[in-house]
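I have a structure here, written as structure tokens, and I will follow up with some questions on it.
Chain naming follows the written order as A, B, C and D, and within any one chain the residues start at number 1.
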Amino acid sequence: MTDNARELRGLVADVVDDVPLDERGSDRLWATLRDLGLPLVGVDEARGGSGGTFADLVVVVRALAERAVGLPVGESALSAWVLAHDHEVGGVDTTLAFALDGEYREDMSVLRIPGVPWLRRSGGVVVYRGGDDASFVETGEDPRIDEAENLAGEPRDTLSIVGTAGTPLPSAPPMPDVRGRHTVLRAAAVAGAAEGAYRLTRDYVMQREQFGKPLARIPAVAAGLAGMKVAIVRLDAALARAVDRHAADAGAALPARLGAAAAAAVVAAETASVCARTAHQLHGAMGVTREYPLHHYTKRLWAWPGEVGSETHSAEYLGARALAGGEAAVWDELTA
Amino acid sequence: MTPQATSETTRAPQDAPHLDELRRRVRDLTGRWQAEGRYEPRSDNWMRGFDPDFSRELAAQGLIGMTWPRHVGGGGHSQLARLVVNEELLRAGAPVAAHWIGDRQIGPAVLRHGSPELQAEILPGIAEARSVFCLGMSEPDAGSDLAAVRTTALPADGGWRVTGRKIWTTGAHHATHAYLLARTERGERKHEGLTEFIVDMDTPGVAVAPIVDLAGEHHFNEVTFTDAFVPAHRVLGTVGNAWRQVTEQLSFERGGPERFLSTYPLFALALRHAGPEQRAPLGRLVARLATLRRLARNVAESVDAGAAPVVEAATLKYLGNAFENDVIAFARDVCRPDRPDVTAAWGQALLASPGFTIRGGAADVLLSIIAKQETRP
Amino acid sequence: MTPQATSETTRAPQDAPHLDELRRRVRDLTGRWQAEGRYEPRSDNWMRGFDPDFSRELAAQGLIGMTWPRHVGGGGHSQLARLVVNEELLRAGAPVAAHWIGDRQIGPAVLRHGSPELQAEILPGIAEARSVFCLGMSEPDAGSDLAAVRTTALPADGGWRVTGRKIWTTGAHHATHAYLLARTERGERKHEGLTEFIVDMDTPGVAVAPIVDLAGEHHFNEVTFTDAFVPAHRVLGTVGNAWRQVTEQLSFERGGPERFLSTYPLFALALRHAGPEQRAPLGRLVARLATLRRLARNVAESVDAGAAPVVEAATLKYLGNAFENDVIAFARDVCRPDRPDVTAAWGQALLASPGFTIRGGAADVLLSIIAKQETRP
Amino acid sequence: MTDNARELRGLVADVVDDVPLDERGSDRLWATLRDLGLPLVGVDEARGGSGGTFADLVVVVRALAERAVGLPVGESALSAWVLAHDHEVGGVDTTLAFALDGEYREDMSVLRIPGVPWLRRSGGVVVYRGGDDASFVETGEDPRIDEAENLAGEPRDTLSIVGTAGTPLPSAPPMPDVRGRHTVLRAAAVAGAAEGAYRLTRDYVMQREQFGKPLARIPAVAAGLAGMKVAIVRLDAALARAVDRHAADAGAALPARLGAAAAAAVVAAETASVCARTAHQLHGAMGVTREYPLHHYTKRLWAWPGEVGSETHSAEYLGARALAGGEAAVWDELTA
């Protein structure tokens, strides 16, 4: 970990650790994160952002998720990054929506996109209708918002836009690029939630005794715990690779970036599933109560991976590229 | 927001041109040998492909003992450079068994625990591919419990006299030297009183008997020591301290690319013949492969930085073994009657596969190593 | 060749028309209730769907306590007939929690170990769905180690005085009766000195406190016993013999269809929305489901024949839990923004899923039960 | 188990148990099995067969495989059963080939079918060119035989037929029926080999000591062993279901029979994979020597499942039927 990453992690810890778990989605915590500029990390300071890189944003998103914070720092910063290609940012909270997650009404007059993170509390939303067709829709005006929540109780609202509403963003990066970054940020959030579940589980099996010794001494329990660790180490490796490909100075071409993002998404889905299942297994009945904090992590491990494209889609993308490029292309990307 | 500098997770590979040059050198060599029909790529060839000529060509190019100091015949390269060379060799399914154990395991152990004299005696031979090593660890009744070793070394004039039996010794019939784990003291605690030795295979009293494997191939052996003399200077490290030394040695050997690339030649072949209906399972394999390779890079860089990445190395081996087996399962779905080459490669890898999980620790052993590291009070 | 007769592995279901009639009766009832909006099918409703009216309707049709002798209110049916009824109830996602534990677990235990008087007192109430049972087994510090039970029953005039805490007691807030495992003797061996009781929930000194689960629902409870009196005739079986009795009870409860049909309502919904690109994973689920159902039939027939199919029952539960979870994973791939009903059903099943592996023994416990059976010297 | 099944199993045990493992594919053992009529079980006595039912044949095939016998009793009896619809049988050993496993030369003049069991030692082969197009080809005459072996060293020869060679079998059952029965027989063979591997493994971990106690006492080893048992119990259940569907008196319609056969094939593939992998894991190095008997079972567990259609194909068949029939059809077949 670089010094800078350590510093960012420390910052998140300082701000969040004293906030009760139930209040980690509160307006108050959001205001604090905003004051610190976290929802604008990775956006040029000259354009109103907080500076830093995409890698920094990944660190922040992972650190927040480790603490069961479901606030949309990743989506805010990513949508601001898009906006900053055309405008100064920072005036309102923004979020992100992709038409490919929704559908048009038959006559194409209305676009409905469900699952938009925290739309209800955003001032505007960057909407990608297609590859180069990005626009900014202010939520004060036209669009209808239907409120809904994901499994973890986080706002995932439905946006309905009539006609061509919104201000075009002619300089916005192409949609796949933004989608790829969103995928990486989501993988980072999964890594964080997995880490949070892992820590709770490790503490639990080390403290709790059964048959006269700590649970952690039972081989099946130890193996389960190690399996969680394995899943996290693996996801962090996939994440490090994806972040490197997105590095500003030595960044890769778009297909290589998307490949690394898709690989991280595939690994994230597996890690989420293993860690949620094993954490509950090792906790037994204790883990299923509302009072015990585990569900703050496991509900997110269940809800998050599928929200930014399905695992199957990512796997098919990678497989199709491998078929098209052949072994040499796979190998070159592997060892780049 | 205070922190301004970037936090790219790893330094850029500053010596990229150098690494590319190493890659090219390996590709030229393996390409040439294949073109000349001097070997056929196959799965698990780092264990099954014994060809001293090939190893000597690598040695001539400075590609064995790469990370060791120059004064013992090494190349002074980084672990990352070594990873690049070894992964290209594995990709090409090259016959590297003659030097693999010496390069991976014995060299580093001698560097860590050997006297300067022992280093000077042993290491150049490995780096030049003159010395071929086998591992005398397992015994007929010990299984994976190394502490149950019964082979005994008794003090003798100028050295030690060794008596006992070692089993599953890969390549002993080709080896010039054996690494030997023997008991030098019989006490209360099984983990104490073990000592590591380096033994010449032509020592009187050392006998090798073949064990044919289920593929009908001869790689394993039983090695019998009957009052075999080992000179005192061939003790590796400290008498009685082998348990700690060998644990280090084993943890070191887990994080290499052979832990997930054993079946890469089969993967490459299956990829060539796979159809679009297999893109999702294929894509999952690609994702896992890319991640494993990143893990291997992390391990290499971590060792370069002076750390001991025990959890990462065990994770790599655990996931790598599963990946290798899943490559075989994937290849089965690509097998068709009209593709006898895939079917043959699939069968060859399958017959080799029971060995993948044995060497270097079974899945449950690896998980328990990780758990132990993670639950230290 | 000598043997001429056929070896069809099982007898033909000779009472097929009778079974079909039972099936039809359940379908009529659940269909009517759904049409009248009296319940919504959902996953895990045998644990979460508490509706005494529904249970009483079943009772009125003789569908509770089906296998028990008629003189205690039972139906004298075979286990196979009971399987048919229960699997149709699970298929329909019906609210059967009010009688499930009594029917499955308490009734059989009372039949095996209870005195004729206790049978006459308890069984008709279950069969008529007047009595609702909860299980007072687990304790705050005992986990799944039942031998660590600390709740104590001390001899008192005409019976016992119970003091202690039970936790994770499903449905205690609805129950009329509790099955209670308590320590009646404190000796060297933890497995001895345990006794089973049946306790009225309105006994003074019995208090129920809710435990809300992660779905925000209230099924679990903590039940506190403070010097609560239990009359002597409410001892189930032999004083001090509970360990053997409860082990039997638990092995008996593993082989039922609720071990693989908890998520069937979700499966049915996902099947309706699945596309042809999912036919291979769907087909694998169908193969496993059909096999599990055959296993459940084998277990039922085996019990009908007087055997104790411990390995088969544990196998069923082990495989059934994995199947239920894989149904949820499959359903996730069917979820689409335009199918909110699937997404909601998926979420509901997912939130219930951690409970699947807890009740009746986690995977490792089941495997160790099987291994123990298989490696008896 | 019925008395009859027990008797058949006893018969197989009596004949095979004294034959050394290496000789269980010998001409001599084949002659013995022939003398006992085993390769004609399930074929009407009036047509030259040994009598008995398909269920009996399944018992015999499983019992032979438990003893690592790779001789083609199943294929012989099944091809004889087909032939018996048109002819008396019993004169020569016969085997079975399906055009769908092979391919026609481009001009359709030559049909090549690889993987025909023990073709080299058969007097003739029943060839299904399509749904109703069955014929009997005597190997003495026209066809070319290229010898080959599977992973277990069992003859799997390639048959090449020029033109329309062979005697038509107008009364032969439709191809899917025969293919389905072949699938069930193969699942039975897998169950047998899995059982053989399981017994060796159980004995090994009960006898062998490590860290001062039998391997079987190590929880991970016990769990592995139990996992094998689970896989076998499950396959036997799938098999019992498929056999019931094929019962002569209460047998189901063809689609239901094929569904049960496909389910058995899916379960057999999984069982083979789990049992081969775990048996080797628990045996460690001992299991990989030629001297130790384990490979006689595990090589068959590797080779056998894919030879009669792929697992994917069976799964897709079941899935497609479920999609077409809907939940009610699935349920009815489940509980039939």
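Criterion: a contact is a pair of C-beta atoms (placed from the backbone, for glycine too) under 8 Å apart; a residue touches a chain by one contact, two chains touch by 3 or more.
Just so you know, these numbers come straight off a predicted model, no measurement behind them.
Asker: Name whichever of C-D and A-C has more C-beta pairs touching across its two chains.
Answerer: C-D
Asker: So how far apart, in whole Å, are chain C and chain D when each is placed at the average of its C-alpha atoms?
Answerer: Chain centroid spacing, chain C to chain D, equals 38 Å.
Asker: Compute the distance, rounded to whole Å, between the mean C-alpha positions of chain A and chain B.
Answerer: For chain A versus chain B, the centre distance works out to 38 Å.
Asker: Averaging only over C-alpha atoms, locate the centres of chain B and chain C and give their separation in whole Å.
Answerer: 51
Asker: Give me the residues of chain A that touch two or more other chains.
Answerer: Within chain A, the residues that touch at least two other chains are 219-220, 223, 312.
Asker: Going by the touch rule set out above, which residues of chain B reach two or more other chains?
Answerer: Residue numbers touching two or more other chains: 364.
Asker: Graph shape for the chains shown, where an edge means the two chains touch. Line, ring, star, complete, or other?
Answerer: The chain contacts form none of line, ring, star or complete graph.
Asker: Could you please specify the touching residues of chain C with respect to chain D in the complex?
Answerer: Touch residues, chain C against chain D: 1-10, 12, 23, 84, 87, 91, 268, 271-272, 274-276, 278-284, 286-295, 298, 311-312, 315, 318-319, 364, 366-372, 374-375, 377.
Asker: Considering the complex alone, what residue numbers of chain A touch chain D?
Answerer: For chain A paired with chain D, touching residues are 218-220, 223.
Asker: Using the touch definition from the top, list the residues of chain A that touch chain C in their complex.
Answerer: Residue positions touching the partner: 101-103, 113-115, 151, 208-211, 215, 220, 273, 277, 280-281, 284-285, 287-291, 294-295, 298-299, 302, 306, 310, 312.
Asker: Please name which positions on chain A make contact with chain B in the complex.
Answerer: 1-5, 7-8, 11, 36-38, 40-41, 50-53, 55-56, 59, 202, 205-206, 216, 219, 222-223, 225-227, 229-230, 233-234, 237-238, 240-241, 243-244, 247-250, 259-260, 262-263, 266-267, 312, 314-323, 326-327, 330-331, 333-335
Asker: Residue numbers of chain C touching chain A in their complex, please.
Answerer: So the residues of chain C touching chain A come out as 138, 141-145, 148, 167-168, 211-214, 216, 220, 325, 329, 332-333, 335, 337-338, 347, 350-351, 353-355, 357-358, 362-364.
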